[in-house]
Amino acid sequence: MGADPRFFPARGPLSLAAIAEAAGASLGVDDGRLLAGVAPLTLAGAQDIAFCEGRRHVAALRETRAGAVLVAADAEAAVPAGCVALVVDAPQLAYARVAALFHPRPAPVPGINPTAAIAADATIGAGCEIGPFVVVGAGAEIGPGCILHAHAVVGPGCVLGAGSILRAHASLLHCIAGTGVVLHEGARVGNEGFGFVTTKAGQHVTVPQVGRVLLGDGVEIGANACVDRGAGGDTVLGPGTRLDNLVQVGHNVKTGLGCVIVAQVGIAGSSELGDFVVIAAQAGITGHITLGDGARVGAQAGVMNHVPPGIDVVGSPAWPARETLKAFAWLRRQVAPKGNDKTGGTA
Amino acid sequence: MGADPRFFPARGPLSLAAIAEAAGASLGVDDGRLLAGVAPLTLAGAQDIAFCEGRRHVAALRETRAGAVLVAADAEAAVPAGCVALVVDAPQLAYARVAALFHPRPAPVPGINPTAAIAADATIGAGCEIGPFVVVGAGAEIGPGCILHAHAVVGPGCVLGAGSILRAHASLLHCIAGTGVVLHEGARVGNEGFGFVTTKAGQHVTVPQVGRVLLGDGVEIGANACVDRGAGGDTVLGPGTRLDNLVQVGHNVKTGLGCVIVAQVGIAGSSELGDFVVIAAQAGITGHITLGDGARVGAQAGVMNHVPPGIDVVGSPAWPARETLKAFAWLRRQVAPKGNDKTGGTA
Amino acid sequence: MGADPRFFPARGPLSLAAIAEAAGASLGVDDGRLLAGVAPLTLAGAQDIAFCEGRRHVAALRETRAGAVLVAADAEAAVPAGCVALVVDAPQLAYARVAALFHPRPAPVPGINPTAAIAADATIGAGCEIGPFVVVGAGAEIGPGCILHAHAVVGPGCVLGAGSILRAHASLLHCIAGTGVVLHEGARVGNEGFGFVTTKAGQHVTVPQVGRVLLGDGVEIGANACVDRGAGGDTVLGPGTRLDNLVQVGHNVKTGLGCVIVAQVGIAGSSELGDFVVIAAQAGITGHITLGDGARVGAQAGVMNHVPPGIDVVGSPAWPARETLKAFAWLRRQVAPKGNDKTGGTA
C-alpha cells in the first residue's frame, strides 16, 4: 500500500525508465511496467517501489511484494523474483529522489486569503500563497513563491527569501531569512532571549535584546522549536542547517553549514558550531563554547567545554565517547552479577 | 475553598447519597447534608468533599475542615469528627468520579463562529462548537459533538472522531483520529518528520514524508507536544495513550493501548511500545527499538536497546533499575565521606 | 555597528552625561560626544557604547572601536585610547539600563484591531494595544496599557494586570496574573494538568483539573513554555519569577520570589520552590518535593529529593555538587589512560 491519496496524491503512474533516471540507477531489464507510488518494503504492493538500506532491511526485502526496489549491489541477491531491482550506491538517497518524483513538494497556489492581515507597506513576491489569518507586519518583504500557512506571523521588517515556507502557527520575528527556508508548525524564530541582570536586591532587570536572527538558505526549523534573536549582534544559522522539533537555540548562537540538531536539544547563548556538526536528541550545549567542524554529540550529552573538530562526545558531563562508555561498563561490572551484561535494557 | 466559580462553576449542591453512588462508596450515616464542590484536604471547607490517598495525605486528613472525605478503610480512623467518611477502595479514582459529577467536561455549545474558515467541502458533524479563527481544510471530516477552540487548525483530508476536542492553537494534519481524542493547546500532530539523506557533498536531501498519523480512541496529546507523521506507513498511537506536554514523537513510532508518556519525553523514529508502557519525564528512547508490554522507563533515562515486557529501566544509557541504583550508590561511597549518604539533595 | 534600525530604532543620539546618569557611572572627562546606540565590544563603532563584564571580555575590550564603554574599575586600564570609559560597579547591569535608554520597551499603540474577537462583557483597560485575531473570552479583565499581539488568546474569566504583554500565539487560561507579566510567543498558561487515575482494567480516568494559575507581578514565561493549572488549589509563580523557553511546569507547582528556570527544565506536580531558586537548563524536578531558598540545580540534573536552602545539586539523580563531581572524576580515572584528563570535550 502506497501513500494515502487523501493526503498525498501521487503523480504517475511512472515508467521504470523515468524512475531509474531520477534514482541514478542502473536498470537491468525494463519490462515496461508502470509504478504508482512509493511505499516501505513491508507495505509495498506490485504497483509500488520501495528501498532497502543496509542490513536492517534485508529480511523485509526477501519478503517484499514491491514491484521494484532500490537496492545496493551487495543486497541485490535478496530481491525476490518478480520484483525489479534498481541498483544504486545509496538506496535511501535514491529513494528520496524517486519519492520526490511521485510527491514533489506542493507548489504554492498563488493568492492571498481574504482574511489575512498584510501591512499596507509589506511586499509580497509573485506567486505566493498566503493562508487564512496570516499576519505580515509593516515593511516586511516576502520573496516570490513562498507559502505562508494558516496563522503564520511575519513580524515588521522581516525578510523571507524566495520559495520559503512558514507552516501553521509559525512565527518569524526580527529575522533576515534566505531562500528555501522552512519553519514547521509552531516554530518560534526571533524571540527575546533570556537576558537579564539580577540586582543585589534580587530584582531581574531585562537586558534589551536588540539583535536579529539570520537564517541561511535552506535552513529548516522544527515544530515548536525556538530560536532566540541576538542580544546585540545576531543569532546565525548557516545554510542547510536543520533543527528538529522542540529544539532551543539561545541568543547569539552561531552554526556553520549543514548542522543537524535533533529533537529537544538545547544550545545556550553565544556557543558556536562549525560546519556539519551533529547533535543528537536531548543533548545540551552550555554557553560560550565552540564545537569544531564535524564534531558529534551523543543523545542526552551535556557538553560543558570546547569540542575539537571531528571529535565525538557522549555523557553528562560530556567526555570523548570511547572513554565514557568504557567507564560505565567498568562501573556496572563492579556491582552486577557475573554474566549479566546482556540483560534486557542494557546499552 | 472549592474551585473558583469564575472558571469552574459547579453543579449542585449534591446530596451525600448522590456522591456516594458516583464514588461507589459505602456511606455509613447520611445526615442529609449537601455539598457544594470538591477541594484538596488542606483547602476544603464544610461545603466541600476531599480525598485522602495514601500516607502522604494522612496528616492533612487529621486537620481537614472538609464536610466529607473519600478515604480507604485503613485511614478512616484519621477522619476528624464532623467530617463524613465515604470509604472506598481507590480514593483518588472515586474523587475523579465525584469531581466529574460537580464539574462534568463542558459540553459543546453548538455553532460555528462566523470568523472560522471552513472549507466548502469539509463535513462538520452535528452539535459541534467551532471557535473563532478555526481553520478546517478541504475534505476534512469532523465528527459530531466536537469542540474546536480558537485558532485550531484541521488540515485537508483529516478525520476527527465524535466528541473530540482541539484546544487553542492546536494543529491536526495528515491524521485519522478516533473518538474522544484531545489535543491540548499548541499540540502539533502530523508534522513532517526529520527525514533527510545527506549527500557526500554535505547537502541534506529531504525524504518526502508521505505517511499519516493514526490516533486511537481517547488519545490525548499534551500542550505544545509534537507527533510527526510517518515517513511511509503510519505513526500510530493506540487507544487511551496519553502524552503530556512538550513530548516529541518521531515518524513511524507505534504505541499500544494506554501508554503513558510524561512531559518532555522524546521517542525517536520507528520505535514501538507495547501496551501500558510508562515513560517518565525527560526520558529518551532511541529509534528502531521495542519496549514490551508494561515496561517502565525512569525519568531522564536514555533507552538504547530493546526492553522486555514488564522490565523497569533507569539511567542514561538505561539499564535495569536495580543494578543501576546499586552501581551509583557504590560509586558515591568510593569518594564520599562516611555517613554522608543522607545529605540534602541525595537520591 | 549598532542595532538594526529596521527592527530596533534607537532614541538619540544621547549625550555622555545622560548615559552616565542612567548607568550610575562616574564620568571622568566629558568631551561632549554624542552616542547613537549600544553594541557588543566586537561590533561597536565610534557612535556606540559597549560594556565589558569580567575577564571573558577583556581581550575584546583592548580591540574595541566603541566610542564609550561601561567597565569595572579593575578593567579600566584596558580601555583603548579614544574610547570613553564609564566606570561602574556592575557593567552589565549598567548596560541594561543604558540599552533601555536607547531602546525602551515599545509602548502600546492604543487601539483594538478590527479583526480581534473580544467578548461583549470582557473589560479592556485604557491604552491597550490589541492585535489581529486576538481572542478575549467572556468576563476577562485586561488591565490598562497591555499589549496583546497577533493571535494571543485570553480565556474566559482571566485577569491580566496593567502593563502586561502577551506575544504572538500565547494563550492564557484559568489565570489571575499580576502587573507587568510577559508571555512570550506560543507560551501556554493554564492548560489541563496531566491528571488521571488508571483503573485495574487499564483505563485512564481524567481527574477534573479545577485549579487556577496565579502569576505574580513581573513574571515572564518563555516561548512555547507550558504552565499547567492546579488540579485543585492553584499553580503559583511568585513575583519576578522567569521561565525560559520550552519549560514545563506541572499542576500545583509553587515558586517564591524571583526564581530563574532556564530552558527545557521540567518541574513535576506539587513541588515547591523557595525564593530565588535557580534551575539550569534541561534539569528535572520530581513531584512533591521542596527546594529551599537560594537552592541551585545544575543543568540536566534530576532532583528526586528535597534540597535544603542554599545548596547546589548536580547530576541525575542529583547529589550535592562537590561530591558528584569528585565521584565522576574518580570513575574516569579508573579506566582512562594516565594524563588524559584534559582531552577536548572533557568537563
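By written order: A, B and C. Residues from 1 in each chain.
As a convention for this text, a contact is a pair of C-beta atoms (placed from the backbone, for glycine too) under 8 Å apart; a residue touches a chain by one contact, two chains touch by 3 or more.
Predicted model only: the values in this text are computed from it and were never measured.
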item	value
Interface composition of copies chain A and chain C: same or different, split at half	different
Superposition rotation for chain A onto chain B, Cα-based, multiple of 5°	120
Distance between chain centroids, defined by C-alpha means - chain A, chain C (Å)	27
Contacts with two or more other chains, residues of chain A listed in rising order	115, 133, 151, 169, 186, 224, 246, 264, 282, 300, 316, 331
Residue numbers on chain C that touch chain A, as the complex places them	2-4, 6-8, 38-40, 42-43, 56, 90, 92-93, 95-97, 99-100, 102-103, 105, 113, 115, 131-133, 150-151, 167-169, 184-186, 218, 222-224, 240, 242, 244-246, 257-258, 260, 262-264, 275-276, 281-282, 299-300, 316, 328, 331-332, 334-336, 340, 343-347
Of all residues in chain A, those that touch chain C in their complex	115, 117, 133, 135, 139, 151, 153, 156-157, 169, 171, 173-174, 186, 188, 191-192, 194, 196-199, 202-208, 210-212, 224, 226, 228, 231-233, 246, 248, 250, 264, 266, 268, 282, 284, 286, 288, 300, 302-308, 311, 313, 316-320, 323-324, 326-327, 330-331
